[in-house]
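Each of the two complexes below includes chain A, the first together with chain B, the second together with chain C.
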Partner chain A sequence: MIATIPLLSIRNLHVDFKTHDGLVEAVQGVSCDILPGECLGIVGESGSGKSQTLLAAMGLLHRNGTARGTVDFQGHNLLAMSRNELNQIRGRDISMIFQDPLTSLTPHLKIGTQMREVLKTHQQMSGLVSDAKCLEWLERVRIPLAGQRLRQYPHELSGGMRQRVMIAMAMLCDPKLLIADEPTTALDVTIQAEILDLMDELRRDHGTAIALITHDMGVVARMCDRIQVMRHGVYVEQGSADDIFYRPQHDYTKMLLQAMPRLDGKSASGRQIKPYQTRSEKAEFLTVSDLKVHFQIKNGFFAKPAVLRAVDGVSFDLRPGETIGIVGESGSGKSTLARAVLQLIPPTSGTVTWLGSNLTTLDRQAMKQKREDLQIVFQDPMASLNPSMTIGDSIMEPLRIFRRDATKTDRKLAVAAQMQRVGLEPSMINRYPHELSGGQNQRVGIARATILQPKLVICDEAVSALDVSIQAQILELLGGLQAEFDLSFLFISHDLSVVREISHRIMVMYQGCVVEMADRDDLFRNPQHPYTRQLISAVPIPDPDIEKSRKRLRLKGELSSPLDPMARVRFLPSRMGDEVPYLPKLQERFPGHFVAEHDPLEDLVLDDEPELERDLTPS
Partner chain B sequence: MLLYALKRFLTTIPVLWIAITVCFFILRLSPGGPFDGERPLPPAVKQNLEAHYNLDKPLVQQYAIYVGNVLQGDLGPSFTSEDFNVAEQLKLGLPYTIIIGGAAFIIAVLFGILAGIYGALWRNAWPDYVLASIILLGLILPSFLLAPIFQLIFGVELGWLPVGGWGDGELRYIVLPVAVLALPHIARISRLMRGAMIEVLHSNFIRTARSKGLNTGPIVLRHALKPALMPVVSYLGPAAGYLLTGSIVVETIFGLPGIGRYFINAALNRDYGMVLGTVIFYMVLIVMLNLIVDILYAWLDPKVRSQ
Partner chain C sequence: MIGRSYRENAADIDLTAPKGRSLKQDALRRFRNNKAAMTGVVLLILLILAASVGPSLLPFNYEDPDWSAFRVPPSIESGHYFGTDQNGRDLLARTLYGTRISLAVALVATLVSVVIGVTFGAFAGYLGGRIDQAMMRFVDIIYALPYILFVILLMVIFGRNVFLLFAAIGALEWLTMARIVRGQTLSIRQREYIEAARASGQSTPAIIFRHIIPNLVGPVVIYAALTVPEIVATESFLSYLGFGVQEPLTSLGTLIASGANVFEVMPWLLWFPAGFLVTLLLSLLFIGDGLRDAFDPKDH
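So, the complex of A and B:
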């Protein structure tokens, strides 16, 4: 390879933040080069300083942050520039896209206004020329009805569309470097796959170098030529993608790769769930049949309310000591299903039978008694704990409600024992949630949910907000609790790889319905439904050779709104013309392997025509 | 947007009706009447008077008559003034109140917002601290204290401005009352604005705007101002209310012939008709201002509109 002059070279960069707790050294002397046209991955867990490094280079630190060192871009030190000089470069030569496309676009300005101001600032372009250029880029990032989008507000677009708008806006002036800070973390896997494809294409067609900041080794494997692994403010390892994935040197890199759950089941950790075996022969445990949760959506004062079918006829049964994984993308109804099972949302129809009694017909008092055995762990550990209660009090609360006769010391002892069981120091009993890390708080959530030794625990995205290393520990903990107490789990997640790690059986949901349900290995070895296959093919695998050679399955049709009654026949277009919307039925294609009716895959696969993604407008 | 405005307008009707009803009965239930002076009137005279003003009828009937009149824009007779009924008295006082209150409102909003933005951009530097101290002063001094202090300094000691009266409506007569009325609101608005602006400047979309290479001017004016105005706008409704009630004190201290003075006189003379009329008038004004605030809100935030 010819030695090329780096586009951006960072030398000995330090970033400090002045906080109330003193000086925080977020980045401690890192150096790296970004070459023209390459994709550099910067990976690390939360708090490693991976974002701050490049924010500092762009002069975008918070007011309390200072950067030292040099960031050389085409012979100029960006850190020494005045704000005006820097503004010549930002948005023109180097541009950025961010994690959350909704909050990263100005909510009260139309897409067109936000795009045009870039051209006005950097190229003194305005009027029709400017409009044409914006339109051209919106079309290049494959946004349907681009002309209309210019006049829309960000909240009128779906998450994937917003991120495309961000990319189009960042590319307007043909930048030499695009910095992408967790660009797909907030998106569904199928949308993530499309956005990554798009970024890859832009790099090939325009020679734009990309600095990709992410926590996801799968995304890195898919996109990057070279990788920097960052931890606690320093680069612990750097090298080509092959070096990092196949010949990792540093322990931290090895740990990251091991902790990452893999869809192809080749997790290096060797973590295995116990194959399911029933200990108790009780047939009656949890049976959900034809459960529906519909919401009335009012669309204005006089309009007839529309019906949102969040859960639309879901049936399954769970056995003692079993884990069912429920996967689906945002809006698939998986969380609503969980809440309806626990009667936290009243179901519209259907039954939930728990140990022989129908929960949907119980009164409040009787339901309260049942809750002793039915617990839930939520996604955001910090937000679901009361900030004004010590973690000890939070864990003890179920005992106060259901173990009235226990003495104070008994309860204290039980809490201490429970804390030890979930890997928390009992001495932390008087701490508050804000004093703990995300992983520790989730342990508190789990301790609280399991202290009564319930029979069923629902985990609603319980590990989704955590770093991979913490995620692995929490999964380990859940597995251990299951083995110890014969617990059953309903494990809800958008992340197929995580669900694969922990579940005995897996249920795939789309638009409120189950499209496929099977034993874990059957589902991954022999996925039947086109949607399942699309999901599986969209999840990146942390292995560059496998990842770069995989072909992604892209399906025809659009991600339709759950308000649309035709959404349910997306995979059965032959019934699209029906008068009464047809509800595809689950069929047992192999023993224990249920698949919703669908048309043959060949009829659904997208050829290379531009995809038609209609907007999912939140209303 | 128009539909939204109409909808909001319709909701003001029950609010006004409930408010009128409550005020009517509370006033009637309070002991004493307009004709219970220090020297009792001869019973026959009193009876005649009460019959003239319908005060001898059952309370419910009085209420029905009153509401009926209000719907026709007639706020009823004043019990103490033969020559002017309530509506006419309000009409007399209104221009003065509007000029003083309106000027104070505009000045409070303008200076408040500017001071807030300034404080946010220069936060924790000395201009911010100076501003914060002045603002604190405006917040802690009530207008009945601020007014005599201003009169003393600018009227008596320095002799720059008259201490009271309306004169011919010249500017120098208006300056002090408007300043006294506006100062606390400048203080509140600027604090709201500063806080909101700082928060907005920390948000993700401002980071995006900076990453696009925009200068501070367009970032603040185009991207940050509208969302930062939201708490200020929601304060404007209550602020208008405070201004109206504040104007009662200020008009009395500065001897201005506005509605506030009529109101005080009426209250002291137990002139139910006048008190009730003034209260209803204030209420309509406040409800309408709140309505405008809500519509402004919808303009600021496209999400409110589509809901």
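So, the complex of A and C:
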């Protein structure tokens, strides 16, 4: 299968950008080959220039960028070609799929129109022949009701469907090379697993070479034959997947592999959280019972508003010094739950009891007093800081509200001490957020949330926007703060491996409800609910041997709209015919291990699955 | 409590930290590198200097006729560099004085529109919901009423006081500013740092004045810079119609209006004030454009 003549060979490619702050050398002389039919992974953290390398090769650089070097595709130097010549190749011989499937489809054109356009441009195909070909490809990427989809607009499809359409469009002309730039980063894990399966299948069936650009070592382990590791615009290491994963040479590669949290708990860094010690005193801390947050969605002036049940009857207790991880895919209501606990969104019903007082009934002023002990850290470190304030001022904000009697110098000293505590140089006190890196800004966010030494900090996807190496440092910082101040965390994330690293107990949410809740180790060793099992089986593990031998659990049905009252009985199809939509109840199946009602797994698995994999977690 | 616990390790903390580079300083630096905008700034400063100091340096007054020189074309010998008008008044003195009035009027009106527009828009945008609806419908209603009708009404109320009239025009100009600011606020309100402020117990006015308005500087400055020429033009238009500044007081608009009547016999009476107005408008527009590029570098 591996031919000796490379399909695409990049030699000594440089990419420079002219910016207001001078010339930025994004790519500094990289060379690589892509062989026909192989999958080459280009791995690196943000800003490493991994995307720019291939964008430059395709002639898709931003206007202020210039590329030097040669990019040879079947005897043509792509960099020396005119735009017209390039257009002959782009889309026909080389095609691309991007990270965000919504923004890479034109919103006002129907799927069919966009697909037919590709065929018309490159193969002068039109009419019934072209319709048939579009339909064939949509079916090949396993889009249900493909004929109907051709007449739909991009916004009518879910994220996973849109990415499938993108792949179908990219494959229409049978390209020799498919460039996938973070194709699954914006998608949920279960959908990611399906898209990766699909790409792998296409590569095997059609011999299409794939250049996969990603930051996720797990995805690479699953898909790639050869890997290039990129950092600061140069390739630091290249080799076969086995070489990179089992015999990494460069320190950076080793660091990347170590920093990556692993679902199987085999993280090489040896990071450990302090096990939770049950306190003797029965302290009332945080109790959430039957919390509901419903939104009214208006569909026009006269239409009856629909009810979106973002959080639908969630109950749990948090003990002092404990971390509960809340996992779920997009739309599962985990962020809404966090905001409802903090009363940033008023709950529709249910109670939140904090140290004996019911927060839902407090007035504004009384609630304000409670906020001293309840803090939150957000996902996007840049967006969570006021860009026109210095980071010192941002960290000082809580002191301005709750330590009114402290003098200015005292406050400043407190801020400086806090900055040291979270690993920031106090000399950066007068800097602005845009002068700092994402990881540093996240430390600022954490410093602000912990300066009053609160009792509870909610981390809403606090490490999701960060590179793995930074992610590891922030997790360590959070663990350290917890040990020092006996903090409790509600740690919200879509990433199971991260949640596994930091949580004592884990709660899995689906469509606004808890489907499973258990101790960390119980949950991973003995997952009960089909959804949990599906999630666990979908997360890629950065280990090629394990990855290639694993089987995915594929369940019937797709993540449907939370507006659909039938969505939550997806795992209980025997109750689907009920007049009143049934809400599955949590049952304590083992001590401390709660599982929502569901039908037996055998009834839920997709039929084309040859055999049911019993042991879903790798040993 | 915080004072005591942190004082202990205060010795090794140095508070004379280096200053950071704020977004505004960045914008200013980009602005300084913009040649067109800097030309605009230089021209504007020259115009302001000429308008404020110029009239007192001239031997002629803007309202008293020079009995020895009626309808004199521009000449160096007579001392009337811009010529004189039908009444023997020095055109240079009148033009400079007119520029002064036009600039002052624009400044007052813009200031009024910024103050009202920003506060109104930020509150409407942040409070949202029904309050926002009510506030913005109020804006829509005023928008829908004809401008000229207002001016005539205001003339009746304020009489002949030029500055009050233009303060009142500013009080109409704020409508657009309020809409822009509300739109911006709606997007800032979604940002997590606003949520962080709410989560840490800040009051609503504190959030609006500390966290929202400082981040509106970019769009507000840009729009204000573009409002100034608009008001100068409005003033000229109103004066041309006879609503604005009245004789013997003058403004660029009135000068152009009277110059246009006699353009065929005394063309200089139109050319000089028109040249000043065009220079003033162009330099303000260049500055506005430069500010937009400086605050929003992604757009080009």
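We adopt the following convention: the second predicted complex is superposed on the first by the 601 of 619 C-alpha atoms of A that agree within 3 Å, B and C clash if a C-alpha of one lies under 4 Å from a C-alpha of the other, contacts with A are read in each partner's own complex, and residues count from 1 in each chain.
Keep in mind that, in the parts below, contacts are C-beta pairs under 8 Å (C-beta built on N, C-alpha and C of every residue); 3 or more make two chains touch, one makes a residue touch a chain.
A quick note: this is a predicted structure, and the numbers were derived from the prediction, not measured.
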Inset, instruction - Using the touch definition from the top, say if A:109 reaches chain B (first), chain C (second), both or neither. - result: first
Inset, instruction - Would you sort A:430 into first (chain B), second (chain C), both or neither based on which partner it touches? - result: second
Inset, instruction - Please work out whether A:368 is in contact with chain B alone, chain C alone, both, or neither, and reply first, second, both or neither. - result: second
Inset, instruction - Give one of first, second, both or neither to describe whether A:403 is in contact with chain B, with chain C, with both, or with none. - result: second
Legend entry - Per-residue contact with chain A, leading partner among chain C and chain B: C
Legend entry - Partner chain in contact with A:153 - chain B first, chain C second, else both or neither: first
Inset, instruction - Classify the contacts of A:98 with the two partner chains as first (chain B alone), second (chain C alone), both, or neither. - result: first
Legend entry - Touched partner set for A:58, first chain B, second chain C, both or neither: first
Inset, instruction - Flag every residue of chain A that touches chain C in the complex, lowest number first. - result: 20, 339, 342, 344, 367-369, 371-372, 374-376, 378-380, 383-390, 392, 394, 397-399, 401-403, 406-407, 409-414, 416-417, 420, 426-432, 434-435, 445, 448
Inset, instruction - Over in the complex, which chain A residues touch chain B? Could you list them? - result: 58-60, 62, 83-84, 86-92, 95-96, 98, 100, 103-109, 117-118, 121-122, 153, 155-156, 166, 169, 300-301, 619
Inset, instruction - Please give the residue numbers of chain B that touch chain A in the complex, ascending. - result: 3, 7, 202-205, 207-216, 218, 222-223, 226-227, 300-303, 306
Inset, instruction - Provide the residue numbers of chain C that touch chain A in the complex, in ascending order. - result: 2-3, 6-7, 9-10, 13-15, 17-24, 26, 30, 191-193, 195-202, 210-211, 214-215, 217, 297
